[in-house]
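Below are two complexes that have subunit A in common, paired first with subunit B and then with subunit C.
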Partner chain A sequence: MRRLTPASFVVYAGLVLVFLYAPVLVMMAMSFNRSPLYQLPFQFDLRWFVALTHNQRLLQATGNSVLLALANMVVATILGVMTALALARHQFRGKTLLNVLLVPPIAIPWLILAIAMLLLFNFVGLGRGLPSMFIGHVAVSLPYAVFVILARLSGTESTLEEGAMSLGAGPWTTFFKITLPLMLPGVIAAALFSFTVSFDNFVISYFLAPPGVSTLPVEIYSAIRKGFTPEINAISTITFAFSMLLAVFAVRLVREA
Partner chain B sequence: MRALRRRLGLISLLFPSYAWLAFAIFAPLMMMLVFSFLSDVPIGGRSVHWTADNYTKFLSKAFYFKLSVKSIRMGLLTTAFCVIVGYPMAYAIAKVIRGRWKSAMFLLVILPFWSSSLIRAYSWIIVLRQEGVINSLVLAFHLPPGSVSILFTFAAVIIGLVHAYLPYVVLTIYVSLDRIDDTLIQAAQSLGANRLQSFLRVTLPLSLPGVLAGAILTFIPSTGSFMEPRVLGGTSGTVIGTIIEDQFVSVFNWTFGAALAFILLVVVGIILAASAQALRRAQVFSIGGR
Partner chain C sequence: MSYVELEGVTKLYGETRALDVERLGIEEGEFFALVGPSGSGKTTLLRLIAGFTEPTSGTILIAGKTVQHLPPYKRDIGMVFQNYALFPHMSVYENVAFGLKVRHLPQAETEARVKELLDLVRLPGMEARRPQQLSGGQQQRVALARSLVTRPRLLLLDEPLGALDKKLRTAMQVELRQIQREVGITTAFVTHDQEEALTLSDRIAVINEGKVVQLGPPADVYEHPATRFVADFLGQSNFISGSVLSHEAGRLRVSTPTGLHVFARSDRALPANANVTLAVRPEKIRLSTARPESANAFVAEIVHIVYLGTSITYHLKLSEGTPLISFDRNEGAGHTYAIGTRVVAAWDEENSLVMQD
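For the complex of A and B:
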């Protein structure tokens, strides 16, 4: 132990970060490489990004992904706010159970949840399609939204709300003037995370996508299995950079608050 | 009257979310259990009957037993590597690195949570494939070509899974290490413990709940994974997860797929139930001396 200096820990942490980030950085670099076989030496070229703009399937899938992610973000965040408010500000029997019920959507592998949804949705006549995917996405992002907002709410006092109420403010006024501003950073973080959970969701979309309709991750998966083209690198680069941007924005927001 | 209104308000806050979860999570899981005992999917007027065939098929064929063992091995190896690699990393961020670097490192560890696991698995193809980056480096160093082609092997799957779940393990261990009061460690050392002793008898036991939580969060999804084995394992990546996928996308034996998924769900449930106990015990342990 005596030889384990702080410097060696810093070097080790650096190596772990290289392991975490190097493959994606290589992929990003290769999306700008001229050779379709990822051959070196590196020659800068934007041809794969240009090719993307002509790929109708990929563009359509991207449109579906954005649409799903936005709808999911709105619904999961609203439901998340409602649930978190009830769990944080009310005392009632069965609260522990309701908390526990939020765990399965996160803890059970999505493969199991996805095929279970496929079976039920087919049985009730809903079938596969964007509405089914939407229902599935909200179900798996809702618990995250609740937990993020709950974390924020439990750090704030309910005395402010009680004060407003005792001074004559109604429940809606209290909510919009006191509670919502208090929990807003948590709500925005929850919204951004719900967006990401849906936008990056592959497993649930994959099983609930009918032939001819797909999302970006589903399209990327089938392209990988058919034999990879550098176009996938280009779209993956854009997707990854976009996710990172959202993440940095969300983390900043939560930290500043 | 006020109590009633409050009660109604509470119900209207909670009902939409839990009705949604009931329809999209809990009812489907029940339906999966029912379907796993049917001879065919009761959709489109097909005649079906109750049967345990799907389970006897799983239990009677050595093929499925071997695959189950392989899947569990995949989960255990992933978990072991994640803990071994992740613990020193978490320790470095929690106890060694200070100030701005600490928050920068922390941010870099949690950022992958926001990215697509599919894209991260895919990026390994480019690194590991025959014409890939590693081989270009090999050629550059005049080593025999093709000597490091590990794409489409079991090892590649493990690398991809460790890459996917390492951030979870680092995060959970970091949280438990960060909670340990440094004065406890100083006290142990001032009472004569050397650094190794104070680590083994104070820091390590107090961080075990985090290790356990991270291990569970890794073991469950990696044992049931199908995307990483499919993308990085090729034909050597056949595991229970990919067999389940096959039943729904190529073989179309949905009731057998439901049975396999239900078996996996039972395993997950047992692990969660058992570890809830262990976690609670570990938590009691971590309160320190009580």
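For the complex of A and C:
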């Protein structure tokens, strides 16, 4: 491979970063701008953040997003741990099939998954609603959780668990004292990934949300349709900062794994 | 009644018969070696005794109790794995104390026992270290301490010295045996290194293709290998095949296709013209320039020499063509032969071992 000269690397990386972050930075900057019509000159003001506190719709939607994401995080992570353990440490019929079935939610566009879920839930009588949204979120988060934990588990040997058993530790003791501590970075990364996947999820929430229930991404979309103020920017800035923190944290944990 | 007993134990993986042991007993307090080539089933056997797998059929008894359905954590065992399986997220102290913590032993006694074991394996003061900070030999000793701290009555070792270099391995062999004698624990030891098995054990079981081929004290099994496989696996052997010419008063005379007449001793009834294979250990063959008294004395030419420091291996070719290998002590430059020298290769008839297959 040819080495990139420092100059060309800086230029290239710089362009990529600009392309990625320029819109976001503009969006964030405008949340601190006084004008409701996004007009310059720039006047620093926190009024939109203050206005947020009175915006029931937005706050409720954010609350739903957080609750859904937390619930999703807990369930997807637990299921992810169980699935990853089964795949890494045990032989069973249908193992290959399970491996294969975990891939589609990552590969198939969420739009198609969302439509399919909507049809299925209507057919089954569940319809739209928070439970449906919850199931949908777990379904798309689970593969990510499994693969992150599996990557971590594959790096540790099963002889450690055998060693614990030879010393008198039963399956639960072995799990909590040996297996779990060793795969903890993977578990935490899986938790953070699944939180993010759920919190940022637009398509599935949009399709499965009933009238009157909203999540933050859906609410922002509606607002853009109906008319909005920089309150949208304010909540987006908060969301973005929060997601960035989570993502950075998760990546560092996965790298440690 | 042996401390560990296997009766009619088989282990099948699909169609493959990984293990088929009719009877095997390990006596209390003995150091028992399971030796065989890779894939022979020796590790499978050990894991069956440990409880990591269940036999397809048969019974396994430890201290008279049927255990084949019991998981490892319900058997009173200590085990050292080939890669030591030390817990990387715990200190040396926590590793060694693990078995005691699981048994809810009080803090004071745990501390005392851990210290006792670390002293036993000659690693005092290492409590705070992490396994990753230790050398291979030190890790091995921690693994041993960890397995003994719960005072199990059976110790299982799965090629524990395999990852060490030769010098360290030899030193650890001595230490391991000393510790085992001091503690007096029944020990089953798996290795593919036949030399190690011969050095350490009270009794050896030679395993090949899932079956116990021969069992007995090391000297017995080495000096009286039952089959060609054992003669070849333990130490080295020269194999000479031929047919029986005569068998009188225990003295066997065998004729090879190339016309070599070799003498052996055998108590078994062997009819004339029966096909036999004789095994002659290289260390039993003496080389000299003068013709000695032995019944087996053949003129040979030295075709190759391997210098091993403590000994010299001579590759010989007898005048009628049979190749032989002989080991000689290295007694100095004045006592070695050069390539091309004609010598007489001789051995006693007792040292021509008759193979059963």
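We adopt the following convention: the second predicted complex is superposed on the first by the 243 of 257 C-alpha atoms of A that agree within 3 Å, B and C clash if a C-alpha of one lies under 4 Å from a C-alpha of the other, contacts with A are read in each partner's own complex, and residues count from 1 in each chain.
Rule of thumb we're sticking to: contacts are C-beta pairs under 8 Å (C-beta built on N, C-alpha and C of every residue); 3 or more make two chains touch, one makes a residue touch a chain.
Here the structure is a predicted model, which is why all the values come from computation and not from measurement.
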(request) Once the two structures are overlaid on subunit A, check if subunit B and subunit C clash or fit side by side. (result) fit
(request) Could you say whether A:Leu120 touches subunit B, subunit C, both of them, or neither, answering first, second, both or neither? (result) first
(request) Going by the touch definition up top, name the partner, subunit B or subunit C, that contacts more of subunit A. (result) B
(message) Between subunit B and subunit C, whom does A:Arg225 touch in the aligned arrangement: first, second, both, or neither?
(response) first
(message) After the superposition on A, what does A:Ile178 contact: first (subunit B), second (subunit C), both or neither?
(response) second
(message) With both complexes superposed on chain A, which partner does A:Ala164 reach: first (subunit B), second (subunit C), both or neither?
(response) second
(message) Per the contact definition in the header, classify A:Ile108: touching subunit B only (first), subunit C only (second), both, or neither.
(response) first
(request) Figure out whether A:Leu97 sits in contact with subunit B (first) or subunit C (second), or with both, or with neither. (result) neither
(message) Just to confirm the geometry: in the superposition, how small does the C-alpha gap between subunit B and subunit C get, in angstrom?
(response) 6
(message) If I apply the document's touch criterion, which positions on subunit A are contacted by subunit B in one structure and by subunit C in the other?
(response) none
(request) Using the touch definition up top, name the residues of subunit C that touch subunit A in the complex. (result) 50-52, 71-73, 77-79, 81, 83, 85-89, 98-99, 102-103, 146-147, 150, 156
(message) Quick check: in the complex, which residue numbers of subunit A touch subunit B?
(response) 1-2, 6, 9-10, 12-13, 16-17, 19-24, 26-27, 30, 37-40, 79-80, 82-83, 85-86, 90, 92, 98, 101-102, 104-105, 107-109, 111-113, 115-123, 135-136, 138-139, 142, 146, 171, 193, 196, 200, 202-203, 207, 217, 220-221, 224-225, 228, 232-233, 236, 239-240, 243-244, 246-248, 250-251
(message) Quick check on the complex: what are the subunit A residues that touch subunit C?
(response) 157, 159-160, 162-170, 173, 177-178, 181-182
(request) Quick one: which bits of subunit B touch subunit A in the complex? Just the residue numbers, please. (result) 6, 9-10, 13-14, 16-18, 20-21, 23-29, 31-32, 35, 41-43, 85-86, 88-89, 91-93, 96-97, 101, 105, 107-120, 122-127, 129, 131-133, 136, 163, 166-167, 170, 194-196, 199, 220-221, 224-227, 230-231, 241, 244-245, 248-249, 254, 257-258, 261, 264-265, 268, 272
